[in-house]
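The following pair of complexes shares a single chain, chain A, combined with chain B in the former and chain C in the latter.
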Partner chain A sequence: MDKLVEAKNLVTTFPYYGKRRLTAVDNVSLELRRGEIVGLVGESGSGKSVTSMSILQLILPPGRVEGEVHVEGMKGNMLDYGMNSKEARSVRGGKIGMIFQEPMTSLNPILTVGEQIQENVITHLGLGKEEAKARAIEMMKAVGIANPETRYNEYPMQFSGGMRQRIMIAMVLAAEPEVLIADEATTALDVTTQAQILELIKDLAVTRNLTVVIVTHNLGLIARYADRIYVMYGGHIVEAAEKYELFENPSHPYTRGLLTAVPRLNDRKDRRLIPIAGMPPNPAELPPYCKFYDRCVYREEGCKKGKAPMVEIRPGHFVRCCLSVEELDAKRAEVEAQAEAVPEKHISNEVEIEVKNLKMYFPLYRGLLKRRVGDVRAVEDVSFTVRKGETLGIVGESGCGKSTLARCLMRALEPQGGEILFQGKDIAHLKERELAPIRPKITMIFQDPFSSLNPRQTAGSIVGEPLKINKLVKNRDEYDARVNELFRLVGLDPDYRSRVPREFSGGQRQRIGIARALASEPEIIICDEPVSALDVSIQAQIINLLEDLQSQLGITYLFIAHDLSVVKHISDRIVVMYLGRVVESSPAERLYENPLHPYTKALLSAVPISDPKVDAGRERIKLLGEVPSVLDRPHGCAFSSRCQYATDHCRSEVPQLRDMGDGQKVACFLYNN
Partner chain B sequence: MTRYILNRIGQTLLIIVIVSFLTFLLVNLMPKDQVYALYGTDISQEDYEILYKRLNLDKPILYRYGLWARNVLRGDWGISYQYHMPVGEVIGLKIGVTLYLSVVSTLISFPLGMLLGIITAVKRGKWQDTVLTLLANLTNSLPAFVVAIVMLYLFCIKRKLLPTSGFTFPWDDFPKHIRQIIMPMFCLSLGGIAGVCRQTRSSMLEAIRQDYVRTARSKGLQENTIVKRHVMRNGLVPIITLIGGRLAHIVGGSMFVENVFAIPGMGTLMIQSVNSVDVPIMQACVMMTALMISVAYLVTDLLYLAVDPRISLK
Partner chain C sequence: MASITTGKINSIAADKKAATARRSRSFRQFLHGLFGRRIVILGAVGVAFFILVAIFAPFIATHDPSSMEAAAKLAGPSASHIMGGDFYGRDLFSRLVYGTRVSLIVGVLATLTSAAIGTFLGMLAAYTGGVVDRILMRACEAFNAIPQIAVSMTLITIFGGGMLNMALILCIGGIPAFLRMSRAQALTIMNSDYVLAAKLSGQKKLIIMWKHVFPNIVSPIIVMATQSVGMTIMMESGLSFLGVGIKVPTPSWGSIINEARPYLMTSPHYVLFPCACLALLMISLNLLGDGIRDALDPSLRGE
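Let's turn to the complex of A and B:
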């Protein structure tokens, strides 16, 4: 296959303290061949985005790129031309197009989308205005935008996130590039939208013989879409191979670690995640020897001697490790034997919390006098029960009402209707004073470990605050002892009590958040997306910690997340929500084996499994359109507008949850007989 | 969109009504005697009583406000206590001068300030940026009257290069106009140029950091096009919002500058009217200023509407 782009020994540095420079990309060599889909995978700080931007010469001074970039059809090293040269510009956008992570901010808000697509056509294809417009409209049609002629004159804010990403793709492809780099292009989107966009990219790649680079942290996406994979860590490419080869024979300790750290949809229920110890690398503080040394379970003294070379262990399979394949494989059994068993759970038959027909509406005001014109029905008629000691997972895409539900259960909001029975007592409409004894029993862990901790409070006082507020300790000594105990419980050194949140890493901060939630000895902890802001290797640490705490303390969890693999891993039962309603509830295993509701099926099929062989054998269900706004929820079944089985019955009447046996309930007319 | 415009116009009218009431209230609460102000202190107690009633000072303030507002709506602002002429005529002579100064000063300071701001932003970190930003910070922190007095002393009194006072409209005598206007216009616009320059710089730098600029760069556009189409258009939108506030600032500044350079404008008139308790003039001056500034804010919002599609879409 012919090489379209080849990068050799790329080194990208940025100024750091004084004269020192930090190396974000360290000696990276890679090649892109015509028509293939390449995955570039790594955690934050691995240098994957900087690598792709370096190839395009998008690194602005004082950042500096050294090495060689060769592009087919261009003479010599592209880096020698300089970033603003005619040659570099003709490659950038013309030969290699790039789409970025944030569809909300990556388009210019004050130019129409048409102008922005047209701009690319005029720059690279040299067409006149009218022809460029025709081409832009044709491209909008190709990426699946309805009424492109009218939408041509609309502004980015008139498009949803998924549609904006389509516009980005249309814009980039309008200039007929041969390579498309998608830098975390679908990370900010909902899972079903993500699947739509990636399928679109894949189809376009085939029809246009396009080379695609998918830059991501998500192993599942790579397993489903890529042909060849580069794994990056600490600015290095640590492993490179064809997809099947890589997933069958992962060789670098980091790749192996990643694969066992990430929960998968097809995991057995009792699989314990094996986290990668330590923290993701900070590019400013990397050792001069193997970057992964500090976190590596295979490490030996010899690894510290110098940088490991890239070795071809099998044809087309490269690994950068000081140990040989034989050494690595010999150690593998030893390493994997250390995996712990999943801690035992104690689920009693006692009902801890029962929600009956919960409704939460937000008023909608309009006009000068702020007249109430309607309601946003964020949570509508939601019922479920949670037993003591179990974990109930709540999944759904953005806007499905899962966070509002959490806030109602916390009684941060007072629901409009329905009951919340906590240990048999309805707390839905209690006054603040009556709630006081219940507050410490229900606590919460938040999504963002950065903004949910007060930056000026010390870690100790953050964790100790609930003790003081709820008067759970008698004196200073008791307080200190309890705070220290909580720190140890979540795996933090009590010596860190006087530090402020800024001095902790993301994972450590989430541990502080967990310690705070544990302080008042709660019966229930509501975890609202507790791991979604963390790097994959850290996610496993936190998930394991939550599992351990549950088995030690017998806490009940309500685990809210959009990541189905994580929810399935940790939950005993799962509730699937769509636009404020529960569409299905089921034991976790059963939901994966036998999903009933069409939405659940689509949601499951949109989540790729990080094992290409298993993933290839799964049924794919494509959804029509995007999640509608809660404001214009379709009549009848909320899902009817996107469901391929929808009948007139579905569009006129709301289906109720029906018991299907084995603890599974579904709200769908398909199962009415 | 039409709704938005009507809404804004309604708001402007409401503001003017509220300002008119507050002005009336404040002026009438002044601890000065209007009867003495109008007729001098050499009047008998009987005359004083009669005149007090004639000026309706015995009536409640709301009644007097209603009366005044009705007359104003008919175009009758009252008779100046000091000039014994209808207020409309007195103000008419002066407002043109102030309006001319304010508008010309705005027209000078905005384009110039924006230009300097763009230069500092595009050349950020280079010497052009360092020098211009330092100058902008320096002049921005000097009050207009200090600059005016120092300049007057240096160029008009010591060097005798320019006249110290007076004002002529350009259509009456152009060379004389230029010689007279240089100093006041410089003092009036300096703060504006510096302020606009600083704001433009930070707004441009904000725009340069945006993701869509990176997108533009990834399209392979020329650096020039990126700055013009993507950075400048976004970066200059917030500058438009400054026009209203700047104009208010300039009208305030012209009070001092008119006084220092003895320009017969509304600023001079206003200060005179306060000193001589010329209530009708005072009210009219404040109302005119409020009207000018409200209209400036209205125009600002309408401009914004034209430039930023996001507003009309909401």
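Let's turn to the complex of A and C:
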């Protein structure tokens, strides 16, 4: 295989306090070969995006890139030409195309999508206007956009997120690049859409002999789509290998740690995640020796002596670690023995909360007089029960009503209809005053650890606020003792009480949020995407914390998330929602082994398992189109517009949940016998 | 037991100490951010200069601002009158020095009161919503539909000039801007997760407004106020220039410029000096305002 792009000893630095410079990319060497898909994986701050931008010379001064970049067909070191040279520009966007994370901001909203693709064609291929248009339409067809001739004249706002990302790809492809860099290109999309886009990229790589670089933090995606993988940490490439080799023989302590830290769909019920201690490093405070030293469980005094060299341990498998593979493997048993057992759960048969036919509509006003023209039916006829001490997972893609459901249960919203029985008492329509005794019993953990804490309040006062409001403590001493206890419970040093939120990291902030939720000794905690904003290694810490707290305090969780692997890991039972309705509810294990509803099947198959061998053997179900808006929910079964089994019956009548035995319920006509 | 209690008290004391230290640290950080840029220092020095001039006006002024001297009539700068004399033979320098007082007092007083009232009403609108909110917003719109200068002139004609009336009238003119801004800010904060969290733990709405919403809308209001002081001084000068502002013989920069207008060609210094003062103060205030805005905005501090 010939090398298309080769970067050697790339060092990218940015100025930091005074004369010091921080090194975002440190001595990175990588190569891209024709027709392969390369995965660049790492947590936030690992330098993965900066690496791809350095290769394209997109680093603006005062940032500085040193090293060598060789591109096939170009003489010498690309970095010597300078970022604005003709050569650099012909590589950027010409030979190497890049798609970014935000499809909302990377397209110009006031130009039609066709014009934007056409413009790119004219710049890079030098075609005439008509030819360029023809080529643009051809590209739109290639990325799977229906009716490209009509859609050519539409504006970005008329496209959904997934469609915009397709347009971005069409735009980049129009210039006939040989390398396509996808920098977290599907992170902002729903799982099923993400799978569609990545399948498209993979097909394009094959049909057009394109080299693709997938930059992501998601190990599963890499396992499914990449051929060769670079793992980055603290600006270094710490491990590089072919996909199967890497997942079978992960060698660097960081790679090993990552693989045991992420939950997988095929996990045993009793698997305990092993988080990586500490937090992702701040590029400004990296040690001069091994960057992973502080968090490494394999570390030895000798590691501090100097930077580890990149060693080829097997053909094509490189590792940057001071210890040899033999030494690492020898220590492995010792490390794994330290893994904690899964805490015991105590699920009683008592029903903690029961939801019956819950409905939540938001009025929709239109026109000059703001007449009420209809409702947004965010939650429609939802019923389920949660037993004391268990965890009920609620999954669904964006717009399926899971957050609205959470806000109804919290009674931040008053539902239009239905009942919410909390310990047998209907709280759906209670007045604020009547809710007062119930409020402390149901609390919430929020998604965003940044916006859920008042930036002007100290951590101690955030955690202590519910104590004061509900008069749970008698005096100052008791208050202090309880706040300190809560801090210790969530693994925070009580000395940090007087700090304000911005002095904490994301994971620590989420711990403060959890401590706040625990303060009033709740019976139920509603967790709304509590780990989706966190890095993979931190995710495991928080998930373990939640599991520990449940077994210690016997709390019931309602765990809402879009990440099926996480939900499956933590939940005892799972409810799958689609456009405001429950389509399937089932014990967690059973949902993975025997999904019934076509949507559940598609959702499961869209989530990659971070083990390429297992993943390759799974059945793939492709979905048609994207999640429609709640505003034009299809008649009959909401899923009928995307379901390959849909019949006329499905399109005219709404299926009800039917008991299929073993605690599994499904709302689908396929199982009506 | 006793030792545990002492330990606790010590830890609380340490807690408080740490909090104070943190607060002073964040204030130092603020100052560092504020004066990190040289141009902001220039603004701060300029503003400080005019404030000192206003405070020590009697010591700085070389003459009584209202005593007339026939020889000095429209005279150019000289040793005895460093900025020359005005139409009535009064010392221009002394008049400008005393005029600084009027400008600053009117500007600061009007801005402070309108910021306080506007913020209160804005938060009230956000807090109550519904009818009160709608009435307040429509009132703002109605107010903004009429040129402020016309409103001010009418009010002055009714209540008469004078420094306090002037401040009051300019204050009324400034309220709608503060009201709209604090309402918009409060509504954003009220939609945040931490307010929801407080609400769900049963906190009273009024306390939420005070404890969670207010501290988070203060910094944009401070920024707006700094910039509004300059605007208000401009407005006062404008009104005085039109002859409806501060009553003669009280010296005000605007009224001095107004008096000097006919002699623009013959005695240019007469109009030049007050204009220069006004321009300098305006520039200083704007530089300082921008500096405070940048220092208070965490997104520009690289956090």
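The rule is simple: the second predicted complex is superposed on the first by the 673 of 673 C-alpha atoms of A that agree within 3 Å, B and C clash if a C-alpha of one lies under 4 Å from a C-alpha of the other, contacts with A are read in each partner's own complex, and residues count from 1 in each chain.
Note that in this section a contact is a pair of C-beta atoms (placed from the backbone, for glycine too) under 8 Å apart; a residue touches a chain by one contact, two chains touch by 3 or more.
Small disclaimer: the values here were computed from a predicted structure and weren't measured.
Of the two partner chains placed by the overlay, only chain C lies in contact with A:F446; chain B stays clear of it. By the touch criterion defined above, A:G93 reaches chain B but does not reach chain C.
Looking at the shared chain after the overlay, A:S537 reaches neither chain B nor chain C.
Applying the stated contact rule after C-alpha superposition, one finds that A:L56 touches chain B and leaves chain C untouched. When the two structures are aligned on the shared chain, A:Y155 is found in touch with chain B, with no touch to chain C.
Of the two partner chains placed by the overlay, only chain C lies in contact with A:R499; chain B stays clear of it.
The intersection of chain A residues touching chain B with those touching chain C, taken from the two complexes, is empty. Of all the residues in chain A, the ones that touch chain B in their complex are 56, 58, 84, 88-94, 97-98, 100, 102, 105-112, 119-120, 123-124, 155, 157-158, 168, 171-172, 175, 368. Against chain A, in their complex, chain C makes its touches with residues 8, 11-12, 15, 18-19, 22, 26, 192-194, 196-203, 211-212, 215-216, 298, 303. Only residues 7, 210-212, 214-223, 229-230, 233-234, 237, 307-310, 313 of chain B touch chain A when the two sit together in their complex. By the touch criterion given at the top, residues 410, 412, 436, 439-440, 442-444, 446-448, 451-458, 460, 462, 465-466, 469-470, 476-477, 480-481, 495, 497-500, 502, 513, 516, 519-520 of chain A touch chain C in their complex.
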